[in-house]
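One chain, chain A, links the two complexes that follow: it is found with chain B in the first and with chain C in the second.
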Partner chain A sequence: MIGMPASRTWNRIFVALAMAVIAYAVLAPLSSLDVLQSLGMPLLTDKLWFRLATITAMFVVMASAWNIIGGLTGYAAFGNVAFFGIGAYTVGMLITKARWPFLLALPLAPAAAAVFAVLIGLPLLRLRGHYFAVASLGVGVAVGELVQNVDFRGEPLFGGASGLFLPILAVPNRDLYFFYLMLAAAAVSIGVTWAVLRSRFGYGLIAIRENEEAAAVIGVNTTAYKVAAFALAAALTGLAGGVFAQWNVFIDQENSFPIGYNVEMILMALLGGTGTVFGPAAGAVVLQLLIQFLSGSLPITLQIPFVPDDAMPVLAQVVLGVLLTLVVVFAPRGVIDFFGGRSALSIAYLRRSLRETSI
Partner chain B sequence: MDPQLELKNVTKRFGGVAAVDGVTFAIGKGEILGVIGPNGAGKTTLLNCISGVYRLDDGDVRWQGASIAGLAPFRVARLGIGRTFQIVKPFTSMTVRENVVAGALFGSDEERPRLGAAFGRADSVLELVGLRSKADLPVSALTIPDRKRLEVARAVATRPKLLLLDEVMAGLNSVEIDDALEMVRAVHESGVTVVLIEHVMRVIVGVCARVVVLDVGRVLADGPPDVVLRDERVIQAYLGERYARRLRGS
Partner chain C sequence: MAAFAQLVIIGLLAGGIYAAVGVGFGLVWGVLNIVNLAHGALVIIGAYLTWQMFAVWGVDPFLTLPIDAIALFVLGYAVQRGVINRIIRAPLLFTFLLTFGLNLIAVNVLLLIFKSDFRSVTTAYSGAGLELGGLVIPYIRLAALGIALVMAAVLAILLSRTRVGLAIQAVGSDRDAAQLVGIDLRHAYAVTFGLGAAVAGVAGGMIAMIQAITPTAGEPYTLQAFVVVILGGLGRVSATVVGGLVFGLVEAFGQSIPGSGSVFANAIAFGVMVLILVTRPQGLMGRLR
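Take a look at the complex of A and B:
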């Protein structure tokens, strides 16, 4: 692991907690929630539980993938949703137009996204800082528009505004199937990050993030490394998109290229802690649950006096905005900094962070 | 001595100003060469021309007989030419040891170590530069002289055949300079050709058998330090014409 040594006790506690959450996520659907019901916990209908858990796993993939280019390499990519959409449409096109089976089409989703990342990465990764951020945002928007509007012989090539309908996959328990598939993608994303941080490649990426000129003069092929990191992030994001396409059955520009995802995956990584293995995943889980809770999608809803129910989604956005501003200002290294024994949450910590983040 | 690095008419212009103007000299294998000159003489620009940070406007840089002009900095590093920066550029989120591990993992193409071996290599380099006891500290805990040591350690870890040190003594007090000189000697004795770019004359006299003096981008003198430092043109460039006249006794 590249970074400061962490205390063993806290590491163990953190790992144990994470294991418990993962075990719950994996085993809960198998029990049909009978156990929860008997314990008198708030009951989620199965459908809702699976939808929420699968979406959360999907964001774990996207936040972890963004972390590889944004957190480890230090290039704030704002257009990663393009890779999600490319993954979704690769699977969608191969299944609807070429009649490929889903599991054969799925590996091509990360491949297509990675190839696209290499093509746009070669010119874009020459830009630094906010220039790269804005340029990548432009690509993210443009790809979605192209997919919706490109015609071939008078017909929309990718389904146009009416999108693509995929045949429903014939598997015994679809909800469970897609939840485990997305969970596997999340595990792969975290595993890849873990492996990268223990490799020559990881040292090269962090060297680039810390000082690109110094990285070059110790012999890091900075262009190749940046493009490889971008392609790796794209492949993982594309994989999530590919699973999403078959899971959701219907894809169009709106659900495959949502501009909001660009911001959400970055906020999740920031909230959890960029550059770490588990931070973005933790951020994705916390933020996704918070979003669902505040927007009233969970069975446990919030009743605030004088706030009508239909104003809750708006209030949710405000709360999220305020929360994220506080995190960026007071805990720039993410919430994960409080675990692993690196720092304790205290007034002194908040004051130090404030000094670091202000000019 | 074999020429390891040859500079032939190396020229770099910024707009109309030639920061390095037709510099020609060679560095022999195993040498420890000093490059000195007043502010703005083109010392750092010359170093940037060698390490590939700048493209030459004219001339050639030859490494072991082959031209390396126009190569990207990472390719120059992989040939075995290491360098430091005058303003240190550590990887601040890494520990001292990890900074040096990063150097060991990359650098020269020959004998690239795996991750485990890189840690071993890093520790022996830290021993060499005297930072072994601070290996686990974050960079932010290091003093200025130690940061300069770390800059050297990271470059040494890349297994260079030639090491270009850009003002590693600048800003140090005389005790610290003696320690740093000791470190440079140790690095040189480990079998590395060293080019010391310095502003401070005393440093050069202490360790270098040969000195190249630059002024306004040109080579003013080239030879043993005791001869070069008595050269009237050198004194004039450093201390001004009036002082040179006074020395002449006129």
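Take a look at the complex of A and C:
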């Protein structure tokens, strides 16, 4: 082939496209500023845009955070939503019960989530494989249940089934504020992943993923490394939860501990490519937009004959399940493998990945 | 003392259901090395089959149980043969995600068909029970415990005395060696998953008689099945039955603690699981694998 290989060209086009989308997403909200509005700048973003963009950024945080424990360390954490909920409830409790200002309460969300991760990580990270995966799934379920149902002197301690209402934060341009806050959290997550991958710590985690016994033999303190990776993932996820609590104003068990998030964040990381810096983030953007599209939250909606509108969110879940199945069966190394230019997408590729794993 | 006996009876009756749910889960896990997150969905499909046959066609719910078993066996066989066999050699995260995906599909298809309304199977004899020192033990629950124990015994005999069962055990202990002696792996795996699904279907049919069901009602049973199998110890049907009964007792006593209640079902299950995993990972009855 003359010049650069076709896959490299695709790679460049892909990166350029991604940069353009990111630049638009980061700059478009500025058009809602009063100064620009008074100058006659067309409004590029509305309430819906902000909602979608903020949620997408939130999933970028969660997928990148999962990548640290799941992708780099190789521990299939299935209950990270517990950290999201703990972050959300830390901010919620500090603001509603202790009357703390939001920006003072927010740093405690990642701190609380990290402390919790250390406490449960010490026993749980001794487990391997299925045992760790299901035990962590159990954490996610159990913490949500406890938060909703624990009573103290006959009163629900954390607001119970009726949840917590936070006062609306008095800032000008709230939508813009929370979008950039969540975006900053996303940038921090990606930055942390980047830094970890280049550090001694990161090499230690990868060594654990590849062979834990061998890592221990060459002097990696596996327990400390695993717990630290778990705590780091928890802190980032808790940060997203903390921002979510004040942004959404209302939190309860259902929106702070959704079991579905556990799998969505993993699927995102998997789609984009686990163990990479940008993969999980890219996967999060693509999959979140797809989920929103399928459930009819985007301006462009899907009309399927014979399916009533209220059944669409349910159908979206079915499609998500089918997608999950297809990705796992046909592209277990993530779609980044071919879009990123490492291998070409072809029938042969799909057949090869199928043959590698089937009997 | 009466209260204690009461809790023991409640615990054992609930434990029968847990054993029935756990046995199929344990079989699939032990032989296929798959933690089947769609197990609760299989249970609830069985429950809806029973409900459908009872409410729409007027069939006695106990007569629907064999039909549940056959239908779920066919479904399980097809799913394993068509889908799960294709990733059986992938890392565990993938089997995990795949079964979660299957769970998502099953639950939401049920939601599309049956909506999220509560459904229950109420027969003429639903309220009747055996009176025992002030405590009424519903006949249905007694029968469910009996059926669970018989089903487990049949499965154990099937696994240890028949050709198919021996093939399944061989595949479970060494896949490559089993293939060398001429066992059709794809078929053996599919039969195993089908058997697990059939048992889950019967458990679901019994659950439909005991509690109101919704499409999402199966999800707690997946976690509970996992706990039951860990509690008993992986690899033997009898161990899972013991695990189920013990778990029923633990839950009954756990929920009787003042300030506790059925809302903590998952938290109790999780607590038991972590305790066992950390202190006795081979289970109460198990050998370390």
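The rule is short, and it goes like this: the second predicted complex is superposed on the first by the 321 of 359 C-alpha atoms of A that agree within 3 Å, B and C clash if a C-alpha of one lies under 4 Å from a C-alpha of the other, contacts with A are read in each partner's own complex, and residues count from 1 in each chain.
Here is the rule we go by: a contact is a pair of C-beta atoms (placed from the backbone, for glycine too) under 8 Å apart; a residue touches a chain by one contact, two chains touch by 3 or more.
This is a predicted model, so every value here is computed, not measured.
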First (chain B), second (chain C), both or neither touched by A:351: neither
Partner chain(s) touched by A:275 [first = chain B, second = chain C, both, neither]: first
Chain A residues touched - chain C or chain B, whichever exceeds: C
Partner chain(s) touched by A:97 [first = chain B, second = chain C, both, neither]: neither
Contacts of A:210 with chain B and chain C, given as first, second, both or neither: first
Chain B versus chain C as contact partner of A:198, first or second or both or neither: first
Touched partner set for A:220, first chain B, second chain C, both or neither: first
Residues on chain C engaged by chain A in the complex (per definition of touch): 29, 35, 83, 85-90, 92-94, 96-98, 100-105, 107-109, 111-112, 175, 185-186, 189, 219, 223, 226-227, 230, 259, 261, 263-267, 269-271, 273-274, 277-278, 281
Contact footprint of chain C on chain A as seen in their complex: 70, 76, 78, 123-124, 126-127, 129-131, 133-135, 137-139, 141-142, 145-146, 148-149, 151, 259, 263, 266-267, 270, 311, 314-315, 317-318, 320-325, 328-329, 332, 354, 356-359
Contacting residues of chain B [partner chain A, same complex]: 51, 53, 72-74, 76-78, 82-83, 85, 89-95, 98, 101-103, 105-108, 115, 136, 138, 154-155, 158
Complex contacts: residues of chain A adjacent to chain B: 2-5, 198-200, 203-204, 206-207, 209-211, 213-214, 216-222, 275
